[in-house]
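Common to both upcoming complexes is chain A, partnered first by chain B, then by chain C.
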Partner chain A sequence: MSAVIEKESELTINTGAKRFGNTTSQVITYALVCAAIFLVPSIIDDAYLLNKFSTYLIMGMLAIALSLSWGYAGILNLGQALSFGLGSYCMAMTLKLRTVPVHTGSEGLPDFMVWNNVETLPLIWQPFHSFTFAVLAGIFIPVLFSMLLGWFMFKGRVTGVYVAIITLAVLVVVNLLIIDQQRITGGFNGITDLATLEVFGFEFDAYGSSAYYLIAIFLTICLFLALAITKSKTGKIFQAIRDHEDRVRYFGYDVANYQVFAIGASAAIAGLAGMLYTIVMEFASPTFLGVKISLSIVIWCAVGGRHSLLGSMLGAIIIVGMQGSLSESETFLETWTLVMGFVFVIVVLFMPKGLAGAVESLILKIKSRNQE
Partner chain B sequence: MDKKRRSFLKKSAVGASAVAATSMFPSIWIKNSSLAYAAKGEVKVGVLFSLTGTTGIIEESLNKATIMAIEEINDSGGINGMKIVPVVEDPASDPATFAAKARKLVLNDKCVSVFGSYTSASRKAVLPVFEKRENLYWYPTLYEGRECSKNVIYTGAVPNQQQDEFVPWLVEKFGKRWYLIGSNYIYPKEENNYCKKLLEGLGCEVVAEEYVPLGHSEFASVVNKFKSLKPNVIFSTVVGDSVVALHRQYRAGGLDPETMPMASLTTSENEVAAMGGDAAAGHFTSAPYFMVWDSPENQKFVEAYRKRWGEDKVTHFVSEPSYFQVYMFKQAVEKLDPSDIAPDTIREATKGVEMVAPQGPVKIDPATLHTYLWPKIGVCKSDGQFEILQQSSEWLEPVPYKAYPNQQCTEEGLKEV
Partner chain C sequence: MTSNTEQLELKDVVVSFNGFHALNGLDFSVNEGELRCLIGPNGAGKTTALDIICGKTKATSGVVKFETTDLTNLQEHQIAREGIGRKFQIPSVFQDMTVKENLEVAYCKNNKVLSNLFKFKLGKEEEGLEKLAELVNLQDHLDVIAGHLSHGQTQWLEIALLVAQNPKLILMDEPTAGMTRQETHKTAELFLRLKEKHTLVVVEHDMGFVKEIGDVISVMHQGKMLAEGTASEIEQNKEVQEAYLGSAGITNA
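And now, the complex of A and B:
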């Protein structure tokens, strides 16, 4: 039966693996891009640019995460920033507990707790003395949270736009909770004044190549893991579910389980990205799990091409890069948001499948001309 | 050549050119990193106030005050002949963008100082880069205190400066039953921590302490509590749009400022303009600066501001420090040899700097890098301006840790005593 469905999905969907050529060439293209990413620090030795590119790569990871759940499994998760934010808070909590005592208030209590008249370290903070726990929490809290949410939604056969609404609503609720529970979370200001990350005596300087390489390594791992998932049988079923959920169900697959897995895998990547973001930005803020960033991820994927992991990643890097350079240029200081809006309109009108789709149809065109 | 191989080559060519395109984009910005801070007769400074987003309106007025001061200094010969070159960035009211732009100004543009921030959240977000890269941030906003960074010059008021005279004055005039209301974040909580200490010393009673979410606009239940608890003073540290809603609903609820006034640390000409003078009339604010303050320096400031930015514009207690801190920066840099100009030498030169600001003579405290200020008590009039009832008899020392006698900010950093 699985053979049938694989065939079915390849026939019905003219996207995904088939559209982007055979696996070998795809792997090589992905590897070349990653190699280029690793070469950047040897060409550019500038603290500011490395720090900036580090944040771009993290946004790229977020786009990969959404491409996996939206582009492949058809789950438009508008709450992707939730996983991102939870990851970033986990990292911030453990780094906060490592700051110099005098900055941290009496008896090692984080400064904002002292300001909020908290007397003892809350229970939820205790395990974050362990760095290993924090790293695991930064991945598994978002994963478990998303899977639980996914389980409720998909077992209840919630689909399409309702998934988007529910995920967005949950994001807003958690965001409000974090701002409100400032005794534990630092509220509106977030968790600031953090220690530098140090693992096995090695310091990750937010402005140096060490943090950049750390992020590049995790980006590569995530990109290839995600690629492996999309190439596996599970990945094929994701695409089949995206294109025709009911048919997959008639074949006897438990659609909900696959969807829960997709949203969980996507949350793992986003959570990891969040932890890295805290290392680079040196603080965690409730805006990290804001609606704005969540919607931005959707735009990056739309511009880059959500059916391609690499396309989405490059879409994020290009858009964030453009935003950065436009808002920095004097000419566009007051109009840069307008220019960005214009770019989105153009892309959506003329490249409905994003940059990846445009590149691919270009290749097809050249190929067919050569064959004539 | 077989077809498969050819198609692969093309694809990798596409991939490679995509890579080239993306990795090319930095090269435009690569600049010589060995530039000294003051070169070619120019001193570069960053201006980091949001021009868009939720706090865009108020922060734009800070940007305008800063730019005006820079223009004035440049027009009258600059700093020892050197021009101040402002690099303006729009952090869009977003802490992450604040952090990114601060990094650009410090690491890429090699600014020798940055003027910026309105909210504490944004200040906290930019601090790491200033502390780790030894740069200097000039922060003009009143804030909750309890910060002791050698990389920030604070020119706004801290709790002791706004409250030390205000609270006893209100107690004497109106009474001992106080209702504390604020927005739910660190600034109101910390102001109230200090207020409660003062009230305790005066033998007063706090009948309620309440925090509403940021941006809250539904105060009907709060107004009802005012009616039933009948406090003598409502001490408000509500911020932003909520200030407007609170004042309007207080008035709509039929309450009278004569017997139950609101006393605020956060209501400036700017907020009053948004709510209309009628809703604000009769309520009190304590601040080091009001637009109506009668001094030659202030007259000059207000006139220049209106001429430069429009007749309908107001100056307020955050835009005034935004303006005078640029002059303090000038005085500090003036003391230095051009080859010595760097953030740390500017900080050292700023210690103890004095000048006559629109609010009166001000001075940077060498130990805390906060500013000696002249707190005033104003009552709002229906024309949207304040009438100043009282000014402190001397400039008031900034004590950012006043509520915490066991901690002290010194030149060497925070000390436990």
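And now, the complex of A and C:
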């Protein structure tokens, strides 16, 4: 009798106590999902649908960014849309300056500036004549901004919910500033009527497969770079900080430096995602820096499983995809938000570790059953 | 091993929380290589004394010196880098990480963000960390997630984390709390081994444990040092007996 009990308890230790999967199986899973993403254009021939899928992938990138800072380093950044929006405006500014003269006012001024009686191109717009500058700015402006904000917060030992409040507040402030500075930013309307992106004579049409592939490539790069970060010692220290910030300090690590890096790395991915979003949406708008999108990212990560980069990414793709198809289907035209809300409640109640956590425990269960 | 060089010195340290003096002019010094036990009735300020040393709490006045460094204005991580490790009363290992990953994080010779970013595999330290796991009897549990360890094992893992950090001075707050008799005895043995390479300051309630490991015992009372000496000296000390009056005497405190 006691032998049976012993064997059973051993089994529970085997299934529950060990880390799920090893690095190799994880890399293979990630690679398979990315390969599937690359296959989509060969299956779908509809330009409109492909454009929609492109936006889903970009939301996936945002979820990866938040999973890195929230799921791994414990920084709940509710201002993630700030990096996203800054990136998208950088891309929009350079593409606006590349539009054919028909769309611009006198002396190459963007149309909305003409309507706002701006006479010369504002200083801040000048360097965006260079595409290289715009791309660098689209990544480094969000990174530097986030790191500066992070430096103030984390050196001042701001933690937990206060980080969420501060980042959200900063997002709202920047959003209002952009709306207010209509002469430079286009205000509520944002920056519209952009040129199609053309690099080395290669055109990335928003509704073509080239833009989709461009996004898929960057998504894959970001996913694997983020995975590499989490596998490095710095990534392990992130997780240690998430679980016991104070304890890590007493080992001699300057916790704030690690947190500043985490929020910066996350901002780089979000900024890149913002630039790509402008390419597929063909405009930039203050709604990109909205509270709504910022909070949505949190929900995607929660549903997908914030402790898993892949889970968060798929969470974003699935939810945005569902939202897209539900809101367009005739049956759910009026009720789709209810359906989504119901899904969230179910996931939060029954899968506290999100879809990724649910899949993990399912596989573990099957494995232990096979062992028996 | 015990040399006469003073390694840690607290001089006239006062800590006041809104007028309440948790430490009230504490003088305390420890020599290199010593294993010092710190006892005292509840509220004597033992934990606060450790907090002062590791930087968790800042002294209102007084001097805290480690070797030649003044710790008074240093931050926690800077104090840790000077060679001071701290174990807290509540075990705080990283629950979602494996035993090995816990040790890896604790091994903090290099604490820079960017160089750790390119470190994916354990280097020369791997053998050392495995030996360390052996020292605390966790060699078969290296890949177990720390949240699944028993209470005693968690305490030991924490001790191993401290050793991985390789500090000159180790501060322990009630390391045997919640341990079985057997585990306590094993911990005592472990401490005697640690003493060979580190200076230890141990806050403890269990007199049996204290007698097993301590050379010199310091007794604190109401934020001050009351007495210092060997176990038998302390037990016969009139002032100490008075301080413990009301609780059932020092042996059972």
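The working rule: the second predicted complex is superposed on the first by the 352 of 372 C-alpha atoms of A that agree within 3 Å, B and C clash if a C-alpha of one lies under 4 Å from a C-alpha of the other, contacts with A are read in each partner's own complex, and residues count from 1 in each chain.
The definition used in the following text is that a residue touches a chain if its C-beta (ideal position, glycine included) is under 8 Å from a C-beta of that chain, and two chains touch if they have at least 3 such contacts.
Owing to the predicted nature of the structure, the values given are computational and were not obtained by experimental measurement.
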{"item": "Chain B versus chain C as contact partner of A:135, first or second or both or neither", "value": "neither"}
{"item": "First (chain B), second (chain C), both or neither touched by A:366", "value": "first"}
{"item": "Which superposed partner A:29 touches (first chain B, second chain C, both, neither)", "value": "first"}
{"item": "Which superposed partner A:229 touches (first chain B, second chain C, both, neither)", "value": "second"}
{"item": "Touching partner for A:61 - first (chain B), second (chain C), both, neither", "value": "neither"}
{"item": "Contacts of A:321 with chain B and chain C, given as first, second, both or neither", "value": "first"}
{"item": "Dominant toucher of chain A (residue count), chain B or chain C", "value": "B"}
{"item": "Set intersection of chain A contacts, chain C complex versus chain B complex", "value": "none"}
{"item": "Residue numbers on chain A that touch chain C, as the complex places them", "value": "13, 16-19, 228-229, 231-234, 236-237, 239-240, 243-244, 246-255, 257-258, 261, 307"}
{"item": "Touching residues (chain side chain A, partner chain B) in the complex", "value": "21-22, 24-25, 28-29, 32-33, 36, 39-40, 43-44, 46-49, 51-53, 55, 102-103, 106, 111-112, 115-117, 176, 179-180, 182, 187-190, 192-194, 206-207, 281-283, 285, 287-288, 292, 314, 317-318, 321, 324-325, 327-328, 330, 333-334, 336-337, 359, 362-363, 366-367, 370"}
{"item": "Interface residues, chain C side, partner chain A - complex", "value": "54, 56, 75-77, 80-81, 85-86, 88, 92, 94-98, 101, 104-106, 108, 111, 113-114, 116-120, 143-145, 148, 161, 165"}
{"item": "Touching residues (chain side chain B, partner chain A) in the complex", "value": "4, 6-8, 10-12, 14-16, 18-19, 22-23, 25-26, 28-30, 33, 51-52, 88-90, 92, 94-96, 99-101, 103-104, 106-108, 120-121, 124-125, 127-129, 132-133, 144, 146, 184-186, 189-190, 193, 213-214, 413-416"}
